[in-house]
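When the chains are written out, they are named A, B, C, D and E in that same order, and each has its own residue count from 1.
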Amino acid sequence: MTTLAWTRRRMAFGRFWSVFRTRRAGVAGLAVLVFAVVMALIAPLFIDESVTSVLHDTGRPYSGPGVDSVIGRDESGRSILELIWWGSRTSLLIGFLAAVLAMVIGTVIGIAAGHFRGWFGALLMRVTDWFLVLPSLVTALVLAAILGGSMATIIVAIGVTAWPSTARLIRAQTLAVEARPYIERSKALGAGHWHIMTRHVLPNVAPLLLASITLEVASAIVTESTLAFLGVSSNKTSWGTMLRGSYDWNAAANGAWWYIVIPGLCIVAVVMAFTLVGRALEAVLNPRLR
Amino acid sequence: MTTPLEAAEPAAAQAAGPGDERPAYRGTLRYAATKVGGALLSIGMVIIGTFFLFRTLPGDPVRALAQGRNMTPEALDLERHRLGLDKPRFEQFIDFVTGTFRLDFGTSYEYKRPVLDLIWDRLPATVLLAGTALVIAVGLGVWQGTKAGWRPGSRFDRFSTGTSLIFWSVPTFWLGLLLLMAFGNGIGPIPGLFPTRGIESVDAPDGFAYVVDVGMHMVLPVLTMVGVVYAQYLLVMRSSLLDEVGQDYITTARAKGLRDDQVRRRHAVPNALLPTVTLVFMRIGFIMGGAVTVEAIFTWPGLGQLFYRAVKVPDFTLMQGTFMVLCVSVILMNTLADVVYHVLDPRVRSA
Amino acid sequence: MTETQAPAEQEQATRTTLLEARDLHVSFASRGRRARAVDGVNLAVGAGEIVALVGESGCGKTTLARTLLGLERPSSGSVRYGGAPLAYDSRALRAYRREVQLVLQDPTGSLNPRHTVYEAVAEGPRIHGLPDEEKVVAEALSRAGLRPPERFFHRYPHELSGGQRQRVVIAGALALSPRVLIADEPVASLDASVRGEILALLLRLRADLGLSALVVTHDLGLAWNIADRVAVMYLGRIVESGPVEQVLTAPRHPYTQALLSVLPESPERVVLTGEPPDPTRIPGGCRFHARCQVLASGRAEEAGVAAKCRSELLEVLPAVPEAQTACHYAALQ
Amino acid sequence: QDPGAGKKIVRMGATQSVDSMNPFLAVRLISTAVHRWTYGFLTVPDSKTLRPSPDLAESWTTSPDGLTWTFKIRQAKWSDGKPVTADDAAWTFNKIMTDEAAKTANGPAVENFASVSASGQDLTIKLKAPQASMLDNPIPILPKHVWEKVTDIANATGDTYPSVSSGPYIATEHKKDQYIKLTANPGYWRGKPKLDELQVIFYDNPAAAIVGLEKGDIDLIGRLFPPDFQALTGKPNIEQWNKQGRRAAYLQINHGATTTDNKPVGDGHPALKDPKVRTALHYAIDKQKLVADVQGGLAKPADGSIVPPMYTDFFWEASGDDKITFDVAKANQILEEAGYKKGADGVRTMPDGKRKLEFRFSIHTDTPVEDKLAEYLTGFLKEIGITLTTNRLDSSKFTEETGVTGLFDIAISGWSVNPDPEEVMATHLCSRRPDANGEGGGTESFYCNPEFEKLYQDQLKELDRPKRTEILKQMQKKLYTDAPVIAIYYPNDLEAYRKDRITSITSIPEGNGLIYGGSGYWPFFTMDAKATAASGGSTGGGSNTGLIAGIAAAVVVVGGAAIFLARRRKGAADERE
Amino acid sequence: MSLLELDDVSVTYRIASGEVPAVRGVSLRLEAGAALGIAGESGSGKSTLAMSLLRLLPGDARVTGKIRLAGEDLLTMKWGRLRAVRWAEASIVFQGAQHGLNPVRRIGEQIAEPLLVHGLAKPEGARKRVAELLDQVGLPSWRARSYPHELSGGQRQRVMIAMALACEPRLIVADEPTTALDVMVQAQVLTLIKDLVASRDISLIMISHDLSVLADVCGQLAVMYAGRIVEYGPSHEVFHDARHPYSKALAAAFPTVGDPVSRMAPKGLGGDPPDPMQLPGGCAFHPRCPVAVDACPTLAVDLWPAGDRRTAACVHVKEAS
């Protein structure tokens, strides 16, 4: 029984993959993404936190790409390459955790708001709508400014302002699923709220969640860098804080284009990769779009 | 054979007279009323939320006011009294709410002026910047989205979708910095064409030249905002057009002998525009977020810059006032969007 | 073509009532008004009986069916099963739903596309914690005509034809060994050629398991095909009911007559004009009077009941097996 | 037509915005600078020696006990034509003495005043105690006839233009966070400045300001941040101005914060009470490296205390045995001998073995230099077995924790020193500590040393400049050896201007002094510039370029539209299904 | 000359996983003023055939054969000409009326649109004509100002019919005009179509899977199975006396109320509908056929004469003749 279930699951994945594979942009995004994540994960095998130290192994500030450092150095003579490598850990971690936080809140609220009709659902929807219209970056900035900038704060600030769109999406999907006759059938079979939410709604929104979480990570990474740029950061080297550094130390006027362009390109590449994968997943998994 | 009921129905509609949509109109009014009610509720939540959010602040606001200067205890007490901080929390809350309703957001620590005045001063610049950017972004997005969605998979589609996705992935501030470097300062063959700060030259000329001057100042900030924002309009327009193209009524329109562009202009695009219109208003908050960054980079004297400064100082009264105004304006925009959508889409109108 | 069994002549009067609606009213708030979707219905389904509920779109058939299943709460009146009124606490409802099962119109929609046939059929047994799940599922599938059942266990709904899907849905209901099946337009979305197969299955289940069924339909041919008794519903109320042979061959209510007359083969058709009835605006008097062809043609006037038709309310028909009709004009004959 | 054509206009870039144009309230450097250019003071530092010299006060006399000062106000006119009288000055001082709100900016400067009175052009100030720095009074004299109408000082913006001034310039226009326009005061008593107009243009974004200078949108920019300054190296037409500054950067060390009633406050690390630890810290800091890396070499490592070397008179520098130079081994040795042993993780513990030497380093949010400094200090202290963690605080919280509640271990600090160092010395007095209620204060170090107090009192009374200088130097030495604060470097004054626009400029002090960064209006009074060319020119992407670009843009848009329409036509022709 | 002639029309959809032969060699003839019914189960290619008549199929469909409308070949026609033919010569009423109307435009505009597009009327005249058309389909003229969603399903279907009549075409194609409608409304719409066709000499092609409905409205009936016509003939004969086993099964699925034979005896057809991408060889119906013989899987089927003006594609018919 279980092996059969396994083969079927493998087959389902195979089917999914064969469709996903046809979306070239999605596959390219996935490749970039896998590369970025793997690099971030294996970073400690090659370098450690000391690459962010201003006292160790530094070269001439703002020295350009060359033998000494592959893609130039920053204002304190640290290697941009190493900083980017190490900083990707922070950027990706914040992106993932904030997205997961947003997802969890959004999913719970979205499913509950879609499943429970009456005042409870209406209340949840009201709250969601309220959060949705709040200008999220502005709110995140206020939250981070008030709570002070630590990794946890930034994650919470992003997560807490990013969940409503997920909740909206999940709620819409929940409503769509709940309108399907199989929910009625399930109720007629005697199913309770929990059964319907976990057995029917959740599996049906899960693919959408997967797509949406990838998109959410993308926007969380951008938000993190923007917050860092606006002066509230997690105090750890990330691509956003690097860009902030390049701005603070006027890399532009000092001709250190590598300091501005490369971290920015990294953000764009990774965000783009997440976006492409997310869109591809959405197209493959969301029956409405298919 | 007319039945009493059937007879009653057209009678009611005819009584409304041709051109007059009274029943629908009344429906819209009622709808608008509930939406406005909802918006008021949201605004109330904003006020309450803001109060508690800003009351959790660590530190003593009076000392923040002193900004590190040497103040006597008496002076501090006096100030505390003046700000009403010596009252119980609940009374403070009541004061806060009544103050807010009287549009009294307090006095900025930083500018020593009523927050409302400051906001009022800054509003036009933001409206100009964000408004222009929005109009251009929507225009560009809708135009490209339409073209792309009408021929999905075409070279234009792949190119425009790809480009917009790249812009979409770019952090606003980074794009702003690059533009500032490239067009403000000039790089290589690109001359430094555009001013890099503010809304006008100090010695702004009059008349038409002034308009040109302001226009020149707007180029870079508007470009930055448009670059980041237009993608979503493009993508939404594209996908909603794709949705529409699959519909049967499009086939009907073709069957009627309409030209391809007639089908697009008369049927597909107007219908596909509806979701885009809502999105335009829904994402006003996003534009506001962009405005904060862009205004900070280009020294644009708008609300975003005011807010950014308030965050940096930090000037909590100002931050709180600006935050509320930003939120409330977004809520109002959304309400407007709901009502506009309601008026535009007959399907929703009577639902 | 599959064979079908004609059931032996049954003594309808001796059947015990299994499921019953008593003076049932269900209303909804609809755009600021109250839609009285079910407006006083007495209906009984006896053990081993197949009852067809026919009527125009929007007359409240589905609402009645859902209320009978406890999916909708009546605003007044009661649903009684086995003589006791239905309780609405979740425990009692769950117990009730082992006995009474639902089959919906759209088999594709009724199956979760992410569940295999096995999971779909096993859902009921799992909810109710039945032992020997696999055996129950296999048995239900083969009863529903999907043989051998193992071949279907791991298929997904999209890998089945429409008729097979409806069989899976029926198997899902059978897995709980219910005593009553409520089928809401079970074949409406199926191809004509498949339709007979499913109907034959219902008849066979009745013969094999003694299953009672309430079949909701707007197709009189279906009622003729399989039902023992038919109830004609108009605007929330049953206007005529009785044994199929009697009601469909000699209809007494003008509405039933009209319904029968529009069947393609009928000699002369009475096409009712006017809009489908609106449950938010139920006319006074006989609820059908506004569209009644008898009243419009002046026959009611001749019989002297026209005024009554327009103003006098009719009694709610009782839940009896005999033929009966709620019509001022028919009452005269 | 460009309205500025033919005029001499200098545009100064500023990255700080004006907090208020009301001199009673304004505390920011940029605002006080503008007020220095628009208002007269009693005295002004001499452009060569920085000693007090006559400004609105033509001359002055002191009573033998040093308690009564009489200033003779010169015959001058306000820019609206009214005469300047001693009454204006008396009103200004009295207002500050009596109105709480008016104290905001310059309250401490009148703290010692017993009474101020005027008769004709004579202004008499009676002091509570002798005060040597009397001649460095930082209060602009305001026109009584204008300001007495203002009832609510706290909410007065001071935004009335043209302002009524007695300085070299008149403020004529101010757009908040955009720019201020100052025009030459033709009736200025020293004569009209050479410039016709001085503009202050605000940038939120320093990078944009540098771009603006390179492009010629602005002509001068003061107080540059080292990387911005370095970026201008080798740029045509730019004169870089790199001179000793008036600022000292130092670390404030919580060596046992107490209130005025000597009760301990806060949660400072006990190890820092030990002078040996403080000395070890001092040894561990590589000031040379800090200067090189954090300040881009554009600063002087501090071998003295809180008075920067620019003030050659008052500057004290350690020498001989007193002098502490970077020496990690020595620092480790000191700690080792004092019983702070290293644990297994390389971190030292208190001699009693209970607490590790883990210090917080409090800095401000959003200050890249402090962030960078923190990174270096963390590295330095790690070498001597001390862990430093960075604690970023917004400015109000920073002030509270490092100035009142004592919730810090080591904090960044610094002071821009006026020509007379009395003010900065006063920040280390016992009386400046917060009182028992945690109110008041203004201490820079929670320092309270009777010897230092005595020296301070002595210098107050000492009217002989060389002798007073000596006392002030002793005070600095005390701070150096006691180390409640450790000076790290004296940042240079970094400025830049366009040679092609500004033809002459006099710094203060003349020669090697400061331009914008200095106190006083000399540089801006004496500055001369080329007149703006009649048509457009370099100023602000003038309207001509604008027009051309505008037309070009219009052509592009129209052309694009035309092409678009044409293609649409064509598109309609080749149809498809 | 017939109004419409189909000659060996085949339609193939190209999709990612291969080709779908939706219509396979259909030849038909329709005289002016006649009504032809096409029946068949879901997926048998009815709609595809209907859409191919006006070249309305999506780009991934390939049509071969000849479709002649009043002698002109539609498949090789120039675009401009085709646009002129569309609606003015032949109009179409789609399967789902609710989707065939633009939801955000008033129905009056939509009915008038073809008139204006084909230059048959000026706006003023168009308005009058709309009122006229609405009247013809039994709707009050003020309904022109309504939006589609304000109408019931039957009313919308009538609007579609009014629209189809707007340019007074010679041919109307009605693709399942009554499916998803209520019995009573269905009767209304069918009566309307019947009357209109009879009174105006318009040719009609009506598609449905309900044989009884078609038998009622149309003179001729074609039954399709797996993209082919399997039986053709006068409708009452086909309905009551089908020659092809599939037509028989289809006819039996609609019992006559009051007919004791079908009482308690629903009839159906076993087996699964064919997958158009993997059609069985020979007669495509043989896997489900109750009277299949050994020859069926390999037989080259064709429409054989099966009586007076009748043809059927069944080996039994061939043998009988």
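As a working rule, a contact is a pair of C-beta atoms (placed from the backbone, for glycine too) under 8 Å apart; a residue touches a chain by one contact, two chains touch by 3 or more.
No experiment lies behind these values; they were computed from the predicted model shown.
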{"item": "Chain labels contacting chain A and also chain D", "value": "B"}
{"item": "Target chain D, source chain B, minimum contact steps", "value": "1"}
{"item": "Which of C-E and A-C has more C-beta pairs touching across its chains", "value": "C-E"}
{"item": "Most centrally placed chain - per-chain CA mean versus overall CA mean", "value": "B"}
{"item": "Where chain B and chain C are represented by their mean Cα positions, the distance between them in whole Å", "value": "53"}
{"item": "Distance from the mean Cα position of chain E to that of chain D, given in whole angstrom", "value": "88"}
{"item": "Averaged-CA centre spacing for the pair chain B and chain A, given as whole angstrom", "value": "24"}
{"item": "Per-residue multi-chain contacts in chain A, two or more chains", "value": "145, 148, 231-232, 247, 252"}
{"item": "Contacts with 2+ other chains: residues of chain D", "value": "207, 211, 366, 394, 575-577"}
{"item": "Sites on chain C at which at least two other chains make contact", "value": "273, 275"}
{"item": "Of chain E, residues touching chain B in the complex", "value": "51, 54, 56, 83-88, 91-92, 94-96, 99-105, 113-114, 117-118, 140, 142, 145, 147, 149-150, 163"}
{"item": "Sites on chain C touched by chain A in the complex", "value": "66, 69, 71, 90, 93-94, 97-98, 101-102, 104-106, 109-114, 116, 123-124, 127-128, 154, 169, 172-173, 176"}
{"item": "In the complex, chain E residues that touch chain C", "value": "41-42, 138, 152, 154-155, 182-188, 191, 209-213, 215-216, 246, 249-250, 252-259, 262-270, 272-273, 290"}
{"item": "Chain B to chain D touching residues, read off their complex", "value": "58-61, 63-73, 75-76, 78, 107, 110-114, 118, 121, 177, 180-181, 184-186, 192-203, 205, 209, 212-213, 215-216, 254, 259-261, 295-299, 301, 305, 308-309, 312-314"}
{"item": "Chain D residues touching chain B - in the complex, by the definition given at the top", "value": "1-4, 9, 11, 17, 19-20, 22, 25, 27, 100, 103-104, 107-108, 154-155, 157, 175-179, 181, 199, 201-205, 207-209, 211-212, 214-215, 217, 366, 394-400, 403-404, 432, 435, 437, 439-442, 539-543, 546-547, 549-550, 553, 568, 571-572, 575-577"}
